[in-house]
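There are structures below to look over.
First subunit A sits with subunit B, and in the next complex the same chain sits with subunit C.
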Partner chain A sequence: MRRVAAALATAVVACACSPVAPYQRGYLARPDMAMEPVDAGTAKALERTYSAKEAARGGASIGGGGCGCN
Partner chain B sequence: MRSALVLAICLAASLSPPASAVGPGSQLPGITAPRLADPAHRVDFAALHGDVVYVDFWASWCVPCRQSMPQLDQLYRRYQARGFRVVGVNKDVATADALRFLTRVDVSFPLVADGDDSVAKAFDVQAMPSGYLVDRNGVVRYVHRGFSADTAVELRTEIESLLGSGA
Partner chain C sequence: MAATEEPPGGEPQRSAALGALTQAALALPILLASAKAGAAHVGEIGLAVLGYRERGLIKVTEPVLWGKLQLDDVWEFEASGALDMVSGASPELLTNLSGKPVQSVTGASVNDRRTTTGLRAKRRFGDFSLSVSRTVSNEHDYHSHAYSVQGELDLDQRLTTIALGVGRSDDRVGSSIDPALDEPRDTREYLAGVTQVLSPVSVVESTITLSRGQGYYNDPYKSTLTFYPDLVLPLFVTDTRPDHRNELAWLTRYRRRFPERNGTLQVDYRYFRDDWGIRAHTLELAWQQDFGERWSVRPALRYYMQAAADFYSPVVPRPQPAVLSSDQRLAAFGGLSPSLRVILRLEDGFTFEGSAGYVHDAASLRLGGGGSEAFSTLRAVYGIVSISRPF
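Let's look at the complex of A and B:
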């Protein structure tokens, strides 16, 4: 019974999947769909404010060895 | 077993392309679309029969369209007197984006909006930009997906061939 329910749930989720048509990619091109939804200068200012408030820098991106030397 | 069948049907239904894809040999869909700058007036695709028509799907976010639109305008101006028409179908989410694009890349051929995707769905557009060259009998003869300098050369040859043959 549990397996049937799981399969049906997967089927429902799969039915909900729909590829974005090439002509609908304008939605993905909207500025608020960007990974960083503000310009580079504002992003840097926000990160600096965050660092000051949290008393910690770094860790906002992948990379670094965790040496604590930044 | 039954649930696996349901899953397979759902996946097939969600991934299979529509049956109404327009390609070489298809008839130009008989649809209408509102003009981009004047939505009160509509362009009737059926009324284009008798001319060689290029239906171009474009958008301000489509990088190759910055190259294709001026080239299409040149072809339109060159062959308009011989019965060549271009209809640009805009696929921007906001009309303002399209109008801003047109302040930089102005074109003289008619442009229509497609906010409800009805025109794009009727053609089953597979790439941006996409262009459909239609002969005087309303039959799609060539489909161009994407745009490069080679496309412009091919298109010119195809247009001359269709204008010259009387087909």
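Let's look at the complex of A and C:
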């Protein structure tokens, strides 16, 4: 895990040296390039569906509250 | 939390639940009206409905209403409200009466409703932004009040964004079969993340969340019954878990646009671990293919696998341990979930999305083997339809 973290940090630092001009960011603004590429309602519904059946959860945000889902 | 029967005073609680959802819905037209006051104001309003059905068990219907508003590139507001309606039968007892441990569904049916409302406000100060959120979730036997504060700093002409956040959740756990149960569960959360533009067509985000919880984690509806040939009476144990849970979730998401193919690759990977011994990996691969400006199709495949909690056991061992749970969500298993989403964008701004997915969880789907033999294979289907409109 530490190796992956180090590789990721290195990649981020290296990439930060390659600027992308504002006029080149058209594709980056597309909805399907968003980290949450679905609408908010669908994202919340899917998140609750999986977290009710699995032990793992979270990672994307905080403050979502607990659930007694059975 | 699921109930085994309709709680006393079910009607007033149902009214309260609908009231909470209505309250969230009422906030959305306010956002809409504010948006029309100025041309620099943009937003979105939408409604999604989830239908979920497990073979032989639970059915869930969940409408979600949400709205977003951005004012002059300085303020952002989000509001959402959801109502979970759960019905069906819930497995409660794991017993080896038939010779091997299997889940047993009691005769009582689940009939539960859960409301969730969330609000978030964000203020931008140049390259720095600060957001606060509040989420309230209510079931008749589980109540949650959560808050968070998060700061984001844009660096290098917004090619890099650093995020730091803290949050907490104050929960109360109850039970419809034990009206006296009213126990706290408090959780502190921490978030650190970085988003990096890699090129004009690719971006990556990596976020770590830490969660430190203290309180009541037992599931009041689950228990284990084990027969031993040399014992006259079977051993019966109710679900008993540690009074704390510390979690780490590391989520990395990558997006890459392929302009020549009119498609976008979406890759999500999450590593999860906690001090209960659970280690989990989640990988989702998706490809969104655009057909002109109006239609898009997004096939996706999600794979999940986890190791069992240290105190998971399908039978009551001898000697009997201090903590024990046979809840199969704490077992070792794997899961595959293919899905297909279709998106239609109309010229007047309306966007329709329809998703259909299949969930298949089984002990044999755990990579490398080691799945828990008592895990009862889960097969479920879900569908989500949504409509949204920017303004």
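In this text, the second predicted complex is superposed on the first by the 38 of 70 C-alpha atoms of A that agree within 3 Å, B and C clash if a C-alpha of one lies under 4 Å from a C-alpha of the other, contacts with A are read in each partner's own complex, and residues count from 1 in each chain.
Here is the rule we use: contacts are C-beta pairs under 8 Å (C-beta built on N, C-alpha and C of every residue); 3 or more make two chains touch, one makes a residue touch a chain.
Please read these numbers as outputs of a predicted model, since none were measured by experiment.
Note on subunit A: of its two partners subunit C and subunit B, the one contacting more of its residues is C. Of the two partner chains placed by superposition, only subunit C is touched by A:44; subunit B is not. Once chain A of one complex is fitted onto chain A of the other, the partner contacts of A:30 extend to both subunit B and subunit C. When the two structures are aligned on the shared chain, A:19 is found in touch with subunit B and with subunit C. Once the two complexes are overlaid on the shared chain, A:55 sits against subunit C while remaining clear of subunit B. When both complexes are aligned on chain A by C-alpha atoms, subunit A residues 8, 11-12, 15, 18-19, 22, 24-27, 30 touch subunit B in the first and subunit C in the second. Those residues of subunit C that touch subunit A in the complex are listed here as 1-2, 46-48, 50, 52, 60, 62, 64-66, 68, 78, 80, 82, 84, 90, 110, 114, 116, 118, 133-137, 139, 141-142, 144-148, 150, 155-157, 159-160, 165-167, 169, 171, 173, 185, 187, 189-191, 194-201, 203-209, 211, 219, 221, 247, 249-253, 255, 257, 259, 264, 266, 270-272, 274, 276, 278, 280, 282, 286, 288, 290, 296, 298, 304, 306, 309, 329-330, 335, 337, 341, 351, 353, 355, 359, 361, 378, 380, 382, 384, 386, 388. Residues of subunit A touching subunit B in their complex: 3-4, 7-8, 10-12, 14-15, 17-19, 21-27, 29-30.
Those residues of subunit B whose C-beta lies close enough to touch subunit A in the complex are 2-4, 6-7, 10-11, 13-15, 57, 59, 61, 91-93, 97, 114, 117, 120, 125-128, 130. Taken together, the subunit A residues at the contact with subunit C in this complex read 1, 8, 11-12, 15-16, 18-20, 22, 24-28, 30, 32-35, 37-42, 44-46, 48-50, 53-70.
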